[in-house]
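Look for chain A in each of the two complexes below; its partner is chain B in the first and chain C in the second.
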Partner chain A sequence: MTDERNKMTQNVPSDLSVVRFSSVRAQEIVALTKMIENPQCTKLLFQKLPCHMRRRAMSHNPNRMPRTLREAHKAQMAKSGPATQPKRPRRKYRRRPSRLLEEYKKRSSKVSWLETHLWHAKRFHMVIKWGHRLPERSCARSHRFCYRSVAQHCLLMDISYLCCVEIQGPQDEIVRGLISLCDPKTGPTFGASTFLNGTREGRVIIFKRNQFSSGPIGLVTFLWCNTGNPDMRTLWIWSHPAFYQQFLCELNSIFESDSDLLCKPPGVKITLNKGKLNRFRLRGPFAHSVVSSLFDKETRSASSLSQSPGFVTSVEVRDPRMILAQTRIKASSSTVGNCELVGLSQSKLWDASVRDQITNMRTSLPDHVINNRRSELLVPGTELPVQPEEIPIPILIVNASHESSDFVPGCDVILPAGWATAFWLALIYSGGHAGGLKDAGSMNFEYGICRDLCLEIDSEAGKATAVDRKMNLMEEYFRRPPKTRTNFIKLATPFPFCVDWDRLTIDWIGQSESGFTVLRDKKLLSGLCQKNRIVLPEILLSQPYLVPVTVRVKHGSPQEFSMICLPGADDKVNSVINEPIHQDPCAKERKMLRQQHSSLLKSLAKKRKEFRDKDGTIGDFSSATAIAVHKEKTRSLWLPSSCNLKTSFARPIIGFVTQGDFGLSEGKGIGRGYIVIRAISQIPLSLVLVRNPGTNLYMWAEITME
Partner chain B sequence: MSEGTNDSATGVRQEQVPNSKKIRYDPEEYKLRKRLPARLPSRSNDVYVNNKTDFKAQLARCFNCLETESSVHIHGLGAAAPKAINLALQLQLKSNTPLEISVNTSTVHLIDDFEPQYDSGDFYSKERQNSAVIIKVYKLLNMDMNEK
Partner chain C sequence: MVRFKNRYLTAEIIPGDSTTQPLNVKKYDLLASVLDVTEQIHGEFGAAAIRNGLEIKYFNESTQIAIIRCRHGPHRLLASSLPFLSTVGKRKVQLQSVYTGATMLRCFKFLKIFHEDKINEALKTCKTEQEKKKVIETMSKANLEF
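Now for the complex of A and B:
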């Protein structure tokens, strides 16, 4: 040790040059400072952390790094590409009821849900229509089951998508304004005395202001409030969402305003009650007994509901969640009284503030609280006694009105917003069978009821629906390969996807200024229905009117777009008549077009290849436009060209069927359709011929006008 | 025009007319709508007869009931009463086992609604009566008293 010390002391110089020493030291300092200030490191941040601070999760979770280093670490991580997507939560987690509500809020910007949506979505095929997501048909129940529900039990539908408009003001002002919208020849209007006192609900077809000859807007139902002095009355009008905007425009132009809360100085106020009321429809013989299960025992035994058509009853019921049955029970008939519960006092449902208060009460007493209380009861499944927070809920029960010759008893229940699910479950548990849009259509077809849920063929909404349907059917048709497509040109079907009523009226009557309309004048219609046919004046016959008819076939059934034709003078009843196969002049053209198109595609592909080998791009030899043009041309060659409906076929066509199927209520094939009024006098013995689209057999059928 | 008393309990006008002068309604002003009769509970051996369904089908249905049950109750209202009677008699003729018939007649209250066709009219209902027949057709149960 002393040796080393001696060695070290031996080499130490005795004197040093200050300048040289400091310059070398300065260089050292500069080099060190440079190195500190410009770190050149090949290691990542997390590799330079001391061992005891490193964590496994910091490779994907930057929050595990010390705060000061977090940003730098994130920047380094971002350099290696975007982060992996967070794992999607598992299906069970996604479907929890609380999350479903969030889902709704996200999705509801485009389509709105009914309040009972979640119940329906689990059991029905849903469809998007008119800005709503609506149940179309049941997943489990078949068409026949739903028909039987209407015929023998009780069918239940949520029709809260109907839009309600409230008009308040002096009675005379309102009636005067609205009278320009309805044609008094089609039946009672808004000002009819029988509806003015608010005991019945009425239905009326509305037109564009003072234009009764062009098509209608649609069928609406209306209800006056049964109290109020003539200076301040309230009217509710329920319209279908398909023509709601059009209806609002007409109301605006009548009552002259331009904002959501419309106000006219004399005091007619229009409010849009869009989300504030719910409406359920029950149809069937047991409808009234299902509804009376909502009442408490005293009301049920004391007075039973009458079936007087259109009659309105206002009742106050308990919260249905308190008295919900434990299991579903089958509906049974109860004695239906003839006495009409006279509800002279105004239902609280008309009062907007009370309605809002009741809606808020729904959220203040949630389901799980009530379920807890029910589970604490001594006897499980009994009704909960009246709770301190409960207030009675006002509802309106509107009986079904006579719409056609078949009367199907039933009622509509109108409730405040927020309570739909509670009442829906109560009605289902009491024996109602749920139905969707398809069942509404089937009720319209079988019995002619629920017309306010269906659109008129001569209204704008009806025409738009027909165009949509045409597009869908055409897409389906052209999706099939050419060999399996029905050749409508050869099989002489002029309108396989959509009926052109204008063409029909032009062929029979000639050009006219207004398009076709359906005859709705009650006097004329009843005149046509009578056995001894009255002779119609020539002025009437030259108008482009269509008359609604029903055709009944003995064997087989008519379909949508079936043709109704006049039998010839010599045709024997029930003889077999066939339409001869027509020539298809377009077949050659189609074949030629196909060959031309395939050669064009090949040449374009060749040119693209040459160009690509030279240039590297495809240039402008893309075949997209050629394909589009060819598609259009071929499609037009497959569809039958327009022809004279009176002369082009073996028997002249007088009308078409709009709904045709096997009618379960009658047990034979039925078609509901329209014919031109001019042809009525030429029908011998109420017998016509019906030919289905894509077939050439004429079936003999009986025709009746409703 | 005779007086019609308004029965305030039922809200239904009951007309008391002399036979010579019956009040007709103006078909232009009103449309007559018949309401369905009250729906009675039907057990499996109740058969309601109507004029629209084929006779053979209804006969077959009665035979079906008789196979499982010991009796069939055939109900017929108004114009379907003769058809119901015919059905019961045919049943007795064509069946293999001897059948006994017991007939009861009754009156059913029906309501007609008058629907106004124009603004001026008002809804009202009239009650009327119709005759109904219930025919009970039952198998004879042979009780052999001498069996030991």
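Now for the complex of A and C:
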């Protein structure tokens, strides 16, 4: 004991006080306790689990750990980098029939699919428009083939993307409400007697309520139900999805406010039939014979459909899957149309409950059941006799109406929802050729039909599409290197990507409070078409109206955005006139700007490098803003500046072409476009000059009003 | 893989001569002198056997504690040659080993109890009340830190 004491006193240097000794020791104790409490472990969490709780899968699946340790385990796993993405299953697994359906549902949740989407997706280039995925053009068939289908056979289009609005109520109320939307000068409207009894389909241009001078909303087609007392009638209106929302707003504003004012029991009811009906369009000489293949023998032989334009027939047909032909047959000419009227009766299609029942029946009798029964038939490929579960399906057949001077026979078929694929296949097998959006556009160009599928240039929807097209064309233009871009300033093209109609009307007429509109008044238009031109009143001439015209060129063809110009007083017919090359004042500026910009980029890069070598960071010498500013400036320097269309060019511009191409129906270059109304009196002998964008040659062309 | 087992020898360094100079010993010096002594006692073989895992893991001048790590096996050679260590650098010291542990944690646990005992003994040797009070103060401060 004393030895230890001596040792201890020996341990402590003589001048070291006890306090200092103890304080040091106390600090030591604190430090040691801390180290004991927080041991630094180098093992991973799962190595500390007892062996019987460890699982092989916990290396990649943290849910295999006990709950209390899960978070810590996830944190440790995250330290060795982010988790790898799950492996994409192999192609064969992805394409299993049971998985295909959920794959399709996932894809169609964002953009809506037509019912015949799968058929079209395998044969057409698809495009996303107006919230739908629509077939644009065929993969295998060319433009000429589709033109020939319309001219000689039968072209088939699925236009179920058109939206249907159903209005029910007393006839007078409906007509009164809708009258405010249409301009009676443009033609017969909702209340015209030919359409009221439901035997014909009508088409009308609707405007914003009581604002006929500003642009229209668009062209809609309508159909009254052919039965019903005057107190309870049904009207179907089909509108294009591009202006559907606008149209609905107008309808709601009309019928909501009306029902507020009048305290009668519910007057007019609006239902949206967006997904409940399908519509196919058939155009071409054999259209009726293709459709008649859907009918049974009695209807076919007893009377062919009345082929008067716009006529509506309702037929009840069998399930087309029972009578589908074994191979495709070519359409043949139909029997000559006797004008016998098929008996009109209330089609069951108008009744919502029957429609829903029929839609449900489609899934209750699936394809494979029917195919099994057909395979058990004695003679392969014959029709299946009437099955006990079958219900006849009501369809409506609407004949094509007169839209322009060329009449193309055809019809529309309206079906209940769920049956589109079955009917589509039946029509294809009977000789219809499928077409897409491009074919609808080409029909509008060649013949002027299918106007309800195209948008008006003075409507909001039309202007929006024009802006989109301008963006696309500009992107394409600027993607090319500067040396290969056509210089629109030198070649004197004021509007290479998008026509500014307002500028045109301002140059000719002066500033006006409303923007440009297309003249739709039928009387005035027919007056203009006559050979001996009537003198138009000055009030009319000072309005910013555009008149639709067609220009026909002898050699070559007009293009989109071609300029229609007045020939000079001394110009001999068919002489060669050239636009002189304009000066490009921006060329020097562009060159200077380019040099400045490249030197700026170099200096910024140098500064960045210095900063990085010195500090290790980039600092803020980023060139992103400089690049963006430069891009804007160069783009504006490449585009032609706004100029007076009457005076800046060799011949004054009176209008532009909106659709220009080689017209296959006429065999020469055709352009459909618009000119200002004021310039009509100055056109000598219906001859004008047409100049394509990016060229300086003026072509002589004949002009006709539509 | 076979495990490398270590032994951690905790030793107190007792200065041989009672000079007032603080113990100015470096880790490197201590290591060199330990190797020297082992070579003296157990020859080249001893020194080589120890050399692989030899390291001074912990050295505190104020409390004069050192923890020397060695591989398990040769640690007996080291332990047997430590009492013969007489000089480190230029000072005369004596190494008194107080504990041998298989992990650092065990050594720290032992050291904590060791220091606490030392403080208690220091309390007993306090001659004045004032000193006693100060000692108790420092101890309570240390406890409060937890």
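Following the convention adopted for this analysis, the second predicted complex is superposed on the first by the 595 of 706 C-alpha atoms of A that agree within 3 Å, B and C clash if a C-alpha of one lies under 4 Å from a C-alpha of the other, contacts with A are read in each partner's own complex, and residues count from 1 in each chain.
As a working rule, a contact is a pair of C-beta atoms (placed from the backbone, for glycine too) under 8 Å apart; a residue touches a chain by one contact, two chains touch by 3 or more.
Just so you know, these numbers come straight off a predicted model, no measurement behind them.
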{"item": "Touched partner set for A:Ser193, first chain B, second chain C, both or neither", "value": "first"}
{"item": "More chain A residues in contact [chain B versus chain C]", "value": "B"}
{"item": "First (chain B), second (chain C), both or neither touched by A:His52", "value": "neither"}
{"item": "Contacts of A:Ala26 with chain B and chain C, given as first, second, both or neither", "value": "second"}
{"item": "Touched partner set for A:Pro309, first chain B, second chain C, both or neither", "value": "first"}
{"item": "A:Val18 touches, of chain B and chain C: first, second, both or neither?", "value": "second"}
{"item": "Touching partner for A:Pro39 - first (chain B), second (chain C), both, neither", "value": "second"}
{"item": "Overlap of chain C and chain B interfaces on chain A (superposed complexes)", "value": "none"}
{"item": "Residue numbers on chain A that touch chain B, as the complex places them", "value": "184, 187-189, 191-194, 200, 285-286, 306-310, 332-333, 335-336, 338-340, 342, 402, 407, 409, 522-523, 526, 666-667"}
{"item": "Chain A to chain C touching residues, read off their complex", "value": "7-8, 10-11, 13-15, 17-19, 21-30, 32-33, 35-36, 39"}
{"item": "Residue ranges of chain C in contact with chain A within the complex", "value": "12, 14, 18, 20, 22, 60, 62-64, 105, 108-109, 111-112, 115-116, 118-119, 121-123, 125-126, 131, 134-135, 138-139, 141-142, 145-146"}
{"item": "Of all residues in chain B, those that touch chain A in their complex", "value": "9-12, 27-28, 31, 33-36, 38-41, 52-53, 111, 113, 115-123, 125, 127"}
